[in-house]
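Just below is one structure, and these are the notes that go with it.
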Amino acid sequence: MLWLNGFYNFRIVGQYLNVFIDGMLTTIWLSLLCLVMSFFFGIFIALMRMSTLGFVWRIAAAYIQLIRSTPLLIQIYLIYYGLPALLPFGNIFDETQTAIIALTIHTTPYMGEIIRTGIQSVDKGQKEGAQAVGLNSFQSMYYIILPQAIANITPPLIGQTAILIKDTALFSIIAVPELMGAGLTMFSETVVATESYVTTGICYLLIYLLTLILSGYAQNRLGGTAWRSN
Amino acid sequence: MKDPIIRIENVSKQFGTLKALDGVTNQIQRGEVVVIIGPSGSGKSTLLRTLNGLETVSEGNVYIDGVNIVDTRVNINKLRSKVGMVFQHFNLFRHKTALDNIIMPQTVVLNRKRKEAEDVARKLLEKVGIPEKAGNYPDQLSGGQQQRVAIARSLAMHPKIMLFDEATSALDPETVGGVLQLMKDLATEGMTMVVVTHEMGFAREVADRVIFMDGGQILEEATPDEFFDRPKNSRTITFLSQIL
Amino acid sequence: MAVKLMGGMLEMADIVLAKIQITINLMPFLMQGLLMTFKVSILAILFGSLLGFVLGVVRTLGYRPLTAIIGIYLHIFRGTPYLVQLYIIYFVFPSFGVGFLNFDSFTAAIVSLSLYTSSYVTEITTAAIYAIPRGQEEAARSCGMSKAEALIYVVLPQSLKMMIPPMASIYVVIIKSTAILSIIGISELTRQGEVAILRMPGDIMFVYGLIATMYFIYCYPVLRFAKWAEGAFGSIGSVQDQES
Amino acid sequence: ASTMEKIVKSGELIVAVQTQGPPVSFIDKTGQRTGLVIDIMEMMAADMGVKLILQDYDWKGLIPALTSGKADVIAADMTPTAKRHMQVIFTEPVFFAENIVYSLKDRDFVSWKDVNKPEFTVGATQASSYAEVAKKFLPAAKLKEYSGGNPQTFQALVSGRVDAGVSDRASVSGLISQNPNVKVLEGTVNKEPLGFAVRPDSIHLLHALNNYMRLIRHDGRLDRLLDYWWNSTVWEADHK
Amino acid sequence: MKDPIIRIENVSKQFGTLKALDGVTNQIQRGEVVVIIGPSGSGKSTLLRTLNGLETVSEGNVYIDGVNIVDTRVNINKLRSKVGMVFQHFNLFRHKTALDNIIMPQTVVLNRKRKEAEDVARKLLEKVGIPEKAGNYPDQLSGGQQQRVAIARSLAMHPKIMLFDEATSALDPETVGGVLQLMKDLATEGMTMVVVTHEMGFAREVADRVIFMDGGQILEEATPDEFFDRPKNSRTITFLSQIL
């Protein structure tokens, strides 16, 4: 192992193991929370976007385009610094809450667009089948269309989740100590750059692999692949 | 004259510039079996779909069991559970097993207990002849089996009327027979049925009345014998000559 | 009362004038950043799309080892932050002692961002190829075309159209990722903005607002194009009701 | 070949700098890079008769740029800590930072020590020496570390996200001139030496740098630069 | 005995655990019209697809015009252009007009000049009866018209053999007639044809020989009269009883 220490010094990384583990745990739970919330709101945005009412889909479309056209970094700053300036009670959210809100607002449009294409990919006959047995619009959506749509869009959902996990790296700009912050702390103190950055990368990769494994499991359990013979 | 279960009054349906239905008027009695035939694009599916509100009409009224379903105040979902519909492409819920396809609408729409719904479902699977396929997903069933599940799913709602839109044309000839037999059984049990089909043998054997449509209009209606042996309308005559 | 109102309005006018002054002062500086962002992102998108397209096509050919290698490549690039990738390519590669790997900042930016882009494009290409019904390829091969000819003349022309909408969305993601390039000294838009903030820290929010506007001006047309293309050509997500 | 031989041969001195803000290194109103360390390096390159090439990096990129050979010297306000010495070599201190604490004017803090209470929160740049100072000298107060830098910490104070900020006197004076609602609390928390850094094997260059600093310190040129940039706000008139 | 144009020798095809073809042996003469019938899943399509190499065989040999297409050294693409195939779902190239659908394979596979290929294409469109639809895209053609273009596309390659896999079962009854007539014309012109169909009338009228398959095996083969009037195999008898 000693020869490897030339490239990657385990001893120094070992000193920061706790910092990395704390950062990873923070990143995981923040990502998980944002994932659940943005997925949930994404369903609403997708439904709004598909509405036939002009003012409803226009609002959704404007929100989607605006958020997607501007960087997350700036969205976080605007919410963190800008909100207190605009509202007297803008300070009610602390750093972690602000981070969660910002990333959820940022990810919801992406989720919404994925869910929308998923819904549109479900065969039209499925909705007619549901209506013909007397299910109302909400019931058709809830029992028939959404479960199939979600199973259809697992690949892009995993892709978006991977992006979401990496996006949490920006939280250190508002003092939320997550995984990237752990890497930067190690780097700043020891200035061993390769170890700091490679370790950070490996930790993100671990979380990503965890996501892949879990999503495979979830796909089997919830979506049920049994019904898709191909 | 008896009180008809379906009354179609001067119904028109416009798709853009196209008149898919053009002033259709008709009445269907309880227990009657009506077969609709006609060339492709003549409006058969559109007419059937207006009968359970899948298609809104542009003009006219449709009364099901005395209720005008064109009226927007009517709870169309409740009404739909009275009118079963079986599609050409089956439209089984792909993410549910055969059994769950039949159970789910009962629990959701009729608020039946799962236990009760399951009993109904299993009896119906028995009736359509595939009790052993309860656990299969639609993709694991042959076309004929899927169509049987679709019929069972409709029957589970205790409909007063069954609509069939080319229920056999996606099936291979061998399995057509079984599904047609099932429909015949329903007819003898006194179910009111409106059937769009290309199976002239079935029409002749089961129908109480045959309706011929073209260009969104009813051009001819008659008993099967009269229709097939002494068609009157010239369009009907051309159509029959090509198909038989 | 009126005087107070006047005073308030004057104050407002002062603030607005001050902001306009800042905007005018900073514009050339920020435009320089936008230009750099534009240059880097266009080149990376170009090279990344080409590489990703080739990899995506190769992945569908069914050579097991290649498919597996490309899969690992995708997971590594999608599973790690771009910052880490950029770092390794710019700072760690030179230690391998291979001359041409010693990139300058600009080359390193293009190389790393192209690789990052390609990981997304590969995924899109594969999905678009699989979205074309198998019958298309079979028909081509039945006419005597080779696998390559079927791909070039029949499958790819159809998939390319469907790739446009998701590609445009990915391009926006890539454009925004250029913000990270400041660690290797590329003066792109975010970097220029932050340098400007160091000069006028009192207006931090206003400057961030300006930066956001400039990203919007660049990204919004791309997204609009994606939306339009989705309507015109369909998207991978909206491929439906096709026989296979 | 040693780094110095390379410089002699190519006639270029490649210096990695950071744009951390006035007065150390920044872009002035005319769009020129300027500041204390820039002036020092320009002077040295001129005296050596070589061309000065400045490369601008983010803080995260500075040391990697040096160790990977993309630059010969880091000229920034870097604190030579023991751990950092294990990777690079620092010159003797070139100048000294006075770390201070600042807050909004309407707060009733007088000395920086008043902030050291559990009910107060201080902000500092993430993983910087300011954060170290806060941990060491204000252990009772809560600490929020912002990865953005001084302006972001400053903005956090203005937005009411923290009660006070930690930084050095020279950097803060630039920020305060833009926002008169902020005051520097009485007293200096501590003094920190700041130096330039080279790769461990660049011994010749290290001695040259040390020697040059001694030279300009004795002939008064360094003090003139320090007085202009570091110990006063005279520079603001020319560059803001 | 003459030299057969197709020789199938003990061909088996395994899908996982399923034997889709199970030791099929048969010979087809030049100019012969063979109709294959059998229940769903019996291996009809699979057999047809092995005849032009769309499906590789697990065992056995297939000789087309004396060349063993199982041999991996054979240029399967050249061979395929000798064997035309018409699919149930037409599989026209969706991004090309009717005319271009017929032109493109000629220029790509046979290296014909565009002018020459276009002449061939227009003549064939004339022959299949839709010269006026040359500029329409597949989406703008009815099912029957699409199937005619598909047949013309195959014929343009001057095949020696035409394979039809349920070429009419996706068509509505009224348009079936035209396509069957086209196939009859080909048969009278002396084209060798292998046809999978459920149209018993067509089989009786046009076939030189009828083959009945089930479970991947050929259970019975006979002249049409013999087959329909005096079937021998018990499985054939059940099948015919259900279908007629």
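Think of it as A, B, C, D and E in the order they're written, each chain with its own count starting at 1.
Note that a contact is a pair of C-beta atoms (placed from the backbone, for glycine too) under 8 Å apart; a residue touches a chain by one contact, two chains touch by 3 or more.
Computed from a prediction, not measured in an experiment: that's the story for all the values here.
Contact with subunit B and subunit D alike is made by A.
The chain with its Cα centroid farthest from the Cα centroid of subunit E is D.
Averaged C-alpha coordinates put the centre of subunit B at 51 Å from the centre of subunit C.
Centroid to centroid, with C-alpha atoms defining each point, subunit A and subunit D lie 37 Å apart.
Subunit C and subunit E have Cα centroids lying 48 Å from one another. For this pair, subunit A with subunit C, the centres built from the Cα atoms lie 18 Å apart.
Across the assembly, subunit D contributes 60, 64, 67, 148, 152, 155 as residues in contact with two or more other chains.
Contacts with at least two other chains are made by residues 77, 81, 85, 123, 125, 193-194 of subunit A.
In summary, the structure contains touching chain pairs A-B, A-C, A-D, B-E, C-D, C-E.
Of all the residues in subunit A, the ones that touch subunit D in their complex are 77, 80-81, 84-85, 91, 95, 172-175, 177, 181, 184-185, 187-194. Those residues of subunit B whose C-beta lies close enough to touch subunit A in the complex are 52-54, 77-81, 83-85, 87, 89-96, 104-105, 108-109, 137-140, 150, 153-154, 157.
In the complex of the two chains, the subunit D residues touching subunit C come out as 19-22, 26-29, 31, 55-58, 60-61, 64-65, 67-70, 148-152, 154-155, 174-175, 178-179, 240.
Of all residues in subunit D, only 59-60, 63-64, 67, 81, 83-84, 86-88, 123, 126-128, 144-148, 152, 155-156, 159-161 touch subunit A in the complex they form. The part of subunit E that touches subunit B in the complex is made up of residues 39-41, 142, 172-175, 177, 198, 239, 242-243.
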